[in-house]
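After the structure tokens below, expect a handful of questions from me.
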Amino acid sequence: MAFTMRETVRSVIFGTETFAGKLFDVALIGVIFVGLCVVSLESVDSIESNYGDTLRILEWVVTAIFTIEYLLRLWSAAHPAAYARSFFGVVDLLSILPTWAGLVFTGTQSLVVIRALRILRIFRVLKLAQFSREASQLARALRSSRPKIIVFVGSVLCAVIIVGALMHLIEGPENGFHSIPLAMYWAIVTMTTVGYGDIAPQTPVGQAMASVLMIMGYGVIAVPTGIVSAELVHASRDHHERRECLGCGARDHESDARHCKLCGRALPSGRETGS
Amino acid sequence: MAFTMRETVRSVIFGTETFAGKLFDVALIGVIFVGLCVVSLESVDSIESNYGDTLRILEWVVTAIFTIEYLLRLWSAAHPAAYARSFFGVVDLLSILPTWAGLVFTGTQSLVVIRALRILRIFRVLKLAQFSREASQLARALRSSRPKIIVFVGSVLCAVIIVGALMHLIEGPENGFHSIPLAMYWAIVTMTTVGYGDIAPQTPVGQAMASVLMIMGYGVIAVPTGIVSAELVHASRDHHERRECLGCGARDHESDARHCKLCGRALPSGRETGS
Amino acid sequence: MAFTMRETVRSVIFGTETFAGKLFDVALIGVIFVGLCVVSLESVDSIESNYGDTLRILEWVVTAIFTIEYLLRLWSAAHPAAYARSFFGVVDLLSILPTWAGLVFTGTQSLVVIRALRILRIFRVLKLAQFSREASQLARALRSSRPKIIVFVGSVLCAVIIVGALMHLIEGPENGFHSIPLAMYWAIVTMTTVGYGDIAPQTPVGQAMASVLMIMGYGVIAVPTGIVSAELVHASRDHHERRECLGCGARDHESDARHCKLCGRALPSGRETGS
Amino acid sequence: MAFTMRETVRSVIFGTETFAGKLFDVALIGVIFVGLCVVSLESVDSIESNYGDTLRILEWVVTAIFTIEYLLRLWSAAHPAAYARSFFGVVDLLSILPTWAGLVFTGTQSLVVIRALRILRIFRVLKLAQFSREASQLARALRSSRPKIIVFVGSVLCAVIIVGALMHLIEGPENGFHSIPLAMYWAIVTMTTVGYGDIAPQTPVGQAMASVLMIMGYGVIAVPTGIVSAELVHASRDHHERRECLGCGARDHESDARHCKLCGRALPSGRETGS
């Protein structure tokens, strides 16, 4: 079966099944990391003033690689327009534009940090590896706890709005609570136990209220933890319960079941069929 | 069956079963959000000085809507006096009073933040939606862990009182621990791992004591988390363990099982034997 | 059966079975709280200067009550010497001594905060109430996780020692890490995620090392939480598994067991024997 | 069976089975602690100026003991070269070198803190004690959650890179975010809820972004906790679920069961069928 050159390029760039495809993805992650290091180091004044020229050359090398990669993707994609409009298509374009635009305009350089979003491609590489099962188990546990987590985050935000409004009233601008949005920011900083200390209550009433909020936030962290724990306990138990009924194909039997729970037929023993 | 206009209004305003009732609740939440944004933005100096007039007009529009809503609720409620004395009745009144009082007195405007409490109505809307089961499962888990959580919070407060009193003695006013209540506030800030840093121990003995408190607080957070996790693990397991086989008496069948997993006999359906 | 007056007093003061005994304990907690509030408020300068006299009178009233209580306990205790040497005996004495000594010496007043330890008596009152079962379940879970928690705290302390020594070397006194004990204090503040910010790494190497410590500490908090969660999951499961074998008296059968796991005799059904 | 002196010394120094071996390990831990205390106290200026001479003598005593121990280990080890290249071999050498080098060069003294790594030997002592089973259960739970934890830490680092780059763009050097690596450090400080406050966002957009990061970090801590909890729940349950009834095949018997809980037949003992 003969492949055209375009199909071969596509399988290397977009696919992860072939050896060349895996190698391409790993090499791309490497270049993304180099690019991120270059941008990061350029932002450090002392390094920029000493090694600025080297960094700028590396910057152009990385941009050149990304540009060629982007053009190859556009050319080899099954649906180029669909790729160009996809999340990664837009990120790929935005990660090369600032450097090219820097030739014409000034000040666009700093937008190159959008390149950081490319690091998300690492999750594609994870797909290849042994982490796949773990990642999907984590993802499933998080997905099935989503409704509970939405309820939880909603409650936290209600508490933040109410406490923020009250603290603006109690402490006032003279103690650093200049506006209600700022007071809400403080409430989030406090409730999540981050506690920068750039804004802190000064009046006894404000401190008493902050204490209540802290103990609440302290207890409240138990909720998402409990949700995820419960999901993972069940997720990994389900893992051990995968025997398939030879009669009706039902799975998900418990470890001590000897008859199919759907049709009643005797099940194969755990030893013969599974992990 | 003919409804009077008052009954129709009541079913829209208080009810959540009809389409109009749901729409009203969602629209009300929208207006509450707009009202909160207006009050929040008014508290930001730079926005107030530029868009103050627009915000004041919006403020009056929201107040007008809330006033009409309050009057309609009073008129259509089955027991108007009971509504007026209920939590939401008082909040509804307090959220419109400050704006009207601002016509006569000055300085009452800031009390309008009481309106933030109206955001709690969002939990009524949640009742409608798919989150109902999740919210009630969370609430049940929290309710059944309440005695454990009271014991836990009591222990934390005892530790706070003892450590606060000792730290006032050890560090003293010259290191920022001006009074025992302030030292207790510091103990809460430390034990909940918020750690503002506005007050921090300076003497070696105080720092040693603070270290013990931190490691205690670090370990102690495990307790409410463990409580809620255990409750949620059981809550979602109980879900699966309700039906008993009429043949062999085995329980612990999964929710989608139709045959006993041990003897293969058909199980009674979930509907007949209970939730 | 006639009781002597001493026996009656003893049952009221030390016992918790009779109504008078319960009332005494609750009233005592009330007086302890009043005493703590008085000491706390005396330490606040603005309150002390305005209401100092009232507070001093209240202080003497509380001290008088505590003195009478102490003498009654000494008199009515079955073994007075044993009581006087017990933890609460010493605390009870220490909580009245400073006020009396204040008549002779100056500066002993501040030692009155030792009275805060009396608040621990609240755990005696909890014994009476419905919280008993919960408290003992929590205590059992914590006790059976003790070896794991010792291993865990030991590991945390090792990390603190190593990181503290290294950070003193990396950052040095010029960045606030004046000595190794202080650097260890910083390591504890960081690892427990308290993060006061009074000491913070300034050099890039120190910040990188702090980042590793933070992510470690972040993950490490999962360990005590996991330990306590697992214990509580098992503790509350065991609770449902209490049926007693009529043949050999063995308990602790699982909820779906129909035969005693020790002697093989058929078990009574869960419905008949209780909760 | 006659032992040579070298074999006896080896069993005492390297072994933990004999009484002398246990005693040697415990004594060594004691000397390590003394050595760490000496180094720590030497770093405190006020103590150094008063007790400097005593500390220097103690320092040389500890160094002498460590030197003799190192030479004995080299002499008695079955494979001296292998020991010298092992982790503890290098640490043992590095913990004595700085003091000896201090006789010739100046400034090498501070390197003596490498001695802190010797504290890791404490884990060898734990092997002896009752904590062995607990430690290994913890270690097993952590090991089997490793892939999940790698996926989790990877996701956290991706978030840190993206948020760090964006915050450098949003806040800029004028608000303390001098470079991208510094902004990433801030992102780690925030996401782990440490929150020093030495760097904190000042612009409204930056504060909004920080709020999102905090709530994310708050929820994200639930993940490692859930992972470890689930592992520990299963680890201690697996302990109970090893034996299968020869009559009916039921598993899930408790560790102290002697008869099948379903059919009443005698169970095989735990010893025969494996831990």
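Before moving on, here are some points about what is shown:
All chains are identified by letter, namely A, B, C and D, in their written order; residue positions are counted from 1 within each chain.
Definition applied: a contact is a pair of C-beta atoms (placed from the backbone, for glycine too) under 8 Å apart; a residue touches a chain by one contact, two chains touch by 3 or more.
Predicted model only: the values in this text are computed from it and were never measured.
Judged by shared residue numbers over all numbers used at their interface, chain C and chain D contact each other through mostly different positions, with under half in common. Look at the CA centroids: the one farthest from the centroid of chain D belongs to B. Chain B has its Cα centroid 28 Å from the Cα centroid of chain A. Of all residues in chain C, those touching 2 or more other chains are 181, 193-197, 221, 225-227, 229, 233, 256, 258, listed in ascending order. Viewed as a contact network, the protein chains are fully connected, with every chain touching every other.
Contact residues on chain C toward chain B in their complex (touch as defined above): 36, 39-41, 43-45, 110-111, 113-117, 119-120, 122-123, 126, 130-131, 133-135, 137-138, 141-142, 149, 153, 156, 181-182, 185, 188-189, 192-198, 221, 224-225, 227-229, 231-233, 235-237, 255-256, 258, 269. Against chain A, in their complex, chain D makes its touches with residues 147-148, 150-152, 154, 158, 161-162, 164-166, 168-169, 178-181, 184, 190, 193-197, 200, 204, 207-208, 210-211, 214-215, 217-219, 221-223, 225-227, 229-231, 233-234, 241, 249-252. Those residues of chain D that touch chain B in the complex are listed here as 193-197, 225-226, 229, 233, 250, 262.
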